[in-house]
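Both complexes shown next keep chain A, but they swap its partner, so chain B is in the first and chain C is in the second.
After this line comes the complex of A and B, so read on.
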């Protein structure tokens, strides 16, 4: 027998089927908090390339906001490698499971009609004529359509754990962390869960935070897009290499598609003396800059010891190049956001 | 009686070439074998050849719905392997050569094919690739 392409809602019964995609990732149903005057400012630290120092920047910005008296939340949205807490010497605490829909087929109830399989867009239900369908969970998008269209209610929503969120605190900065279970594919569902948690905080405790700093994964994929889409200001972090430049251009394309204001940071700017040439290249492409961070031993030491460079009680050299670079970036950022503290 | 499914090029049939891609072949040829003799041939087009995703699962459905007990493949993806195993369909590894369906069935009937149980390529391997075996590409792990 043949399987027609694009079969939609075949034999769904009398009721009109409402397609509930609440478990699918959808950036368009997020409220536009820009319309709310007293909402926290959301700063997203990102960058196309891996290893440019996104987490280093996000952690130290959060610390500097806290130092200036702002109530600060740092969100780790790099769900495959969440490690902001490590750079702050923190622990993963308050673990919560992230559930993901999977169909549970009740064999006694199933009439083997195949309607669920015919409606499944990713073809995650293996259906042989006159047999109970077999779910292929690795391709299931979690849309619940099978559950909705089954005419005899033989499909029940069931859940599998695809990751976890954690909330903890380090250096008086609140941390919200998402972690994808190794081997699972739907990382955007973890980010979606983090987004819902942020929305809940803003809805129910609008005064809880003044600033929310989002740290993203490298790349320009849907996880990163979701986080940038939520931000007021976007800070792509790059480095003065060909990789760094190419990936910066890619992430800026995404930022422009999402219609966000951005300013870049060049980390390791003194690398092999290419700083001026790289800065000139960015300038010729009209890429606005928030500042640059030179190679600096204090930064390396803070990284290795998991003590944030900008910690107010820290013992790093406050006249050092690294410390001064971060201070300069923070002052530029404060001005950009329009903060007075 | 055994029904052997083989991914084929074009319309399918004994004279057509085998297609190395399972989910994205253009047709399936079903060969019925009794007492080591070919007693029937049926061809079925593969509507999943251009599918966005899930082609291996749809192809497994076609194979099972046409009563096949065995399948001979070149490249097999993970979703297809999972589906075929769930349906208890025996999977045999074709040699890495350009052969007709008839030649492939003859090799199988001589008992010269390895049984496999897992994928030998990753997801979406067959997408956007032409038919036929790639020049000198080695085979992945055998089950």
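After this line comes the complex of A and C, so read on.
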């Protein structure tokens, strides 16, 4: 097996639970990179707080990698609100449905014994004595236990569509996008589908990409954890506000739990003149930095016009503060990854 | 409190993150508190990144109540009972791929992150070598803020993978307060997105405030959030933040909102007094009451109040 077993401690305080993190091993450590030159390097852009510039950074990093000759895949893992393609003026193409299990109860077979409902942990089967159970799909976890425990095979697996994945292309960057259907709750299943697709590419076409950039949702929930767990390097994007700082500390805590290497980006760093103070605060907390991006009109314009700032043929001012900030970040990232192209 | 106004539950959501949910909530809370007809209780259910407490800190540190919530279910493995039959792995007991196999020790390994606590391994293992136990999902923190009204918020324990459940728990905790009946405004600062935590946050609302900014992603995410709000049949109004943003997208944005016929609660121009107020840990209506942003938010408050209580 490719994964190592091992037990680590999660969280802090009296309620520590022994858990296993064997899922991480599908990704590989930076130090192993030389042994596996054909595997793409996975960079995850995240942030904790919403609206700090995750997608802006992810899109422009992907464009810069492409500009430098790397075969690049950008994965939009914010399935609740996928925005990467919007910032690149792209379209959603090549739609694939993401199916999700739902129990189909065959009334004529059902003996109304209630065993399925008794075993359903999220109480997604409403059972009243001597009647056919009624599935409550909004709370169903999709575990299929009902189907497996029914003594008379009166439950069949059925499926509903909870979202879609798309593969498209913009600015010569391949895009893989997950989208949750509005009203559905189980975004983690969309992320799972994306991860399987990535794994398939890595297993079957290891040379297809040099770089995979992952863009995550805000927050620190399952979806974000899954994507960070998949990455070699993690880039949390923050802003120089109290909110930004608090959420950065929290997302770094999660990154540390997942045992990943990280460097932060401070976006809108010139906001209200807090830059130096904020950078100093991060420094005193030993948070490593990849760079900072000042408030800049070109960035706002590129965002609103759906033309990436770092597009090689773009019209944005290359001596501008925004452009230069991204170049600096990219150079630092290249050095960090150990790429020399 | 002798207000005649009946209780209303209002949530602030956005789809896109970072468009001003928390800043708006803090200011509306402050205005509601100054309103003699309103007795507010404020909730922050952005449990992954609860920030409201930074602007509305506790009146005193001693009065902060913290309740740990153990609502997340996770499987654990009892090695003594295992007969190494490998059925759990070979027969895919776990739909979430949380059961891996340790070839060296011939035992299953549970991937804590993927485990949904669904019961399948426990029920299906012929030797009963799995158990399902509750683990800590997070904390509910409750206190009287420095402005007087109570603030209740949830904070997930990182790695517990249960944000949506904790959102419901925070709302439940509030409803169980002894003096819950005394409040006539429950104002909820919601999480970004449209998934599980958002659905948990908006269920049971009387009114949703959907805040956005005039950018392509702001509009895209707003539309998705509205789709969810409409599925739940909840009345809503839109607040446009940074409404004067220099953007070629402005016209398209205005056109679109107009075409849809959505209700605009109000607009807030880009105003540095908002981040400045935040840096002083104050709602902008308290820090700079005569700033453009504050005047706009006061208008929004008035409109909201009319919508909630004069709707006959």
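As a working rule, the second predicted complex is superposed on the first by the 304 of 341 C-alpha atoms of A that agree within 3 Å, B and C clash if a C-alpha of one lies under 4 Å from a C-alpha of the other, contacts with A are read in each partner's own complex, and residues count from 1 in each chain.
Keep in mind that, in the parts below, a residue touches a chain if its C-beta (ideal position, glycine included) is under 8 Å from a C-beta of that chain, and two chains touch if they have at least 3 such contacts.
A quick note: this is a predicted structure, and the numbers were derived from the prediction, not measured.
**Student:** Looking at A:225 after the superposition, I want to know if it touches chain B, chain C, both of them or none. Which is it: first, second, both, neither?
**Tutor:** second
**Student:** Just to be sure I read the superposition right, which of the two partners does A:122 touch: chain B = first, chain C = second, or both, or neither?
**Tutor:** both
**Student:** Between chain B and chain C, whom does A:246 touch in the aligned arrangement: first, second, both, or neither?
**Tutor:** second
**Student:** Looking at the overlay, what does A:322 touch: chain B (first), chain C (second), both, or neither?
**Tutor:** neither
**Student:** Identify the partner contact of A:134: answer first if only chain B is touched, second if only chain C is, both if each is, neither if none is.
**Tutor:** In the superposition, A:134 contacts chain B only.
**Student:** Determine, for the superposed model, which of the two partners chain B and chain C contacts more residues of chain A.
**Tutor:** Of chain B and chain C, C contacts more residues of chain A.
**Student:** Check whether A:300 is in contact with chain B, with chain C, with both or with neither, and answer first, second, both or neither.
**Tutor:** In the superposed model, A:300 contacts chain C only, not chain B.
**Student:** Could you pull out which residues of chain A sit against chain B in one structure and against chain C in the other?
**Tutor:** On chain A, the residues that contact chain B in one structure and chain C in the other are 1, 3, 5, 122.
**Student:** Chain A touches which residues of chain B in the complex?
**Tutor:** Touch list, chain B to chain A: 45, 47-48, 51, 53-55, 57-58, 60-62, 64-65, 78-79, 82-83, 86-87.
**Student:** Spell out the residues on chain A that touch chain B in their complex, using ranges where they run on.
**Tutor:** Of all residues in chain A, those touching chain B are 1-5, 117, 122-124, 126-129, 134, 136, 138-139.
**Student:** Which stretch or stretches of chain A touch chain C in the complex?
**Tutor:** Listed in rising order, the residues are 1, 3, 5, 10-11, 15, 17, 19-23, 48-52, 55, 78-81, 83, 86-87, 101, 119-122, 141-145, 148-149, 180, 182-188, 217-226, 229, 239, 241-243, 246-247, 250, 253-254, 257, 271-272, 274, 297, 300-301, 303-306.
**Student:** For the complex, give me every residue of chain C touching chain A.
**Tutor:** Residues 14-19, 22, 46, 48-49, 51, 54, 68, 73-74, 94-97, 100-105, 109-114, 116-120, 123-124, 132, 135-136, 156-161, 163-164, 191-199, 215-217, 220-221, 224, 227-228, 231, 245-249, 272, 275-276, 278-279, 281.
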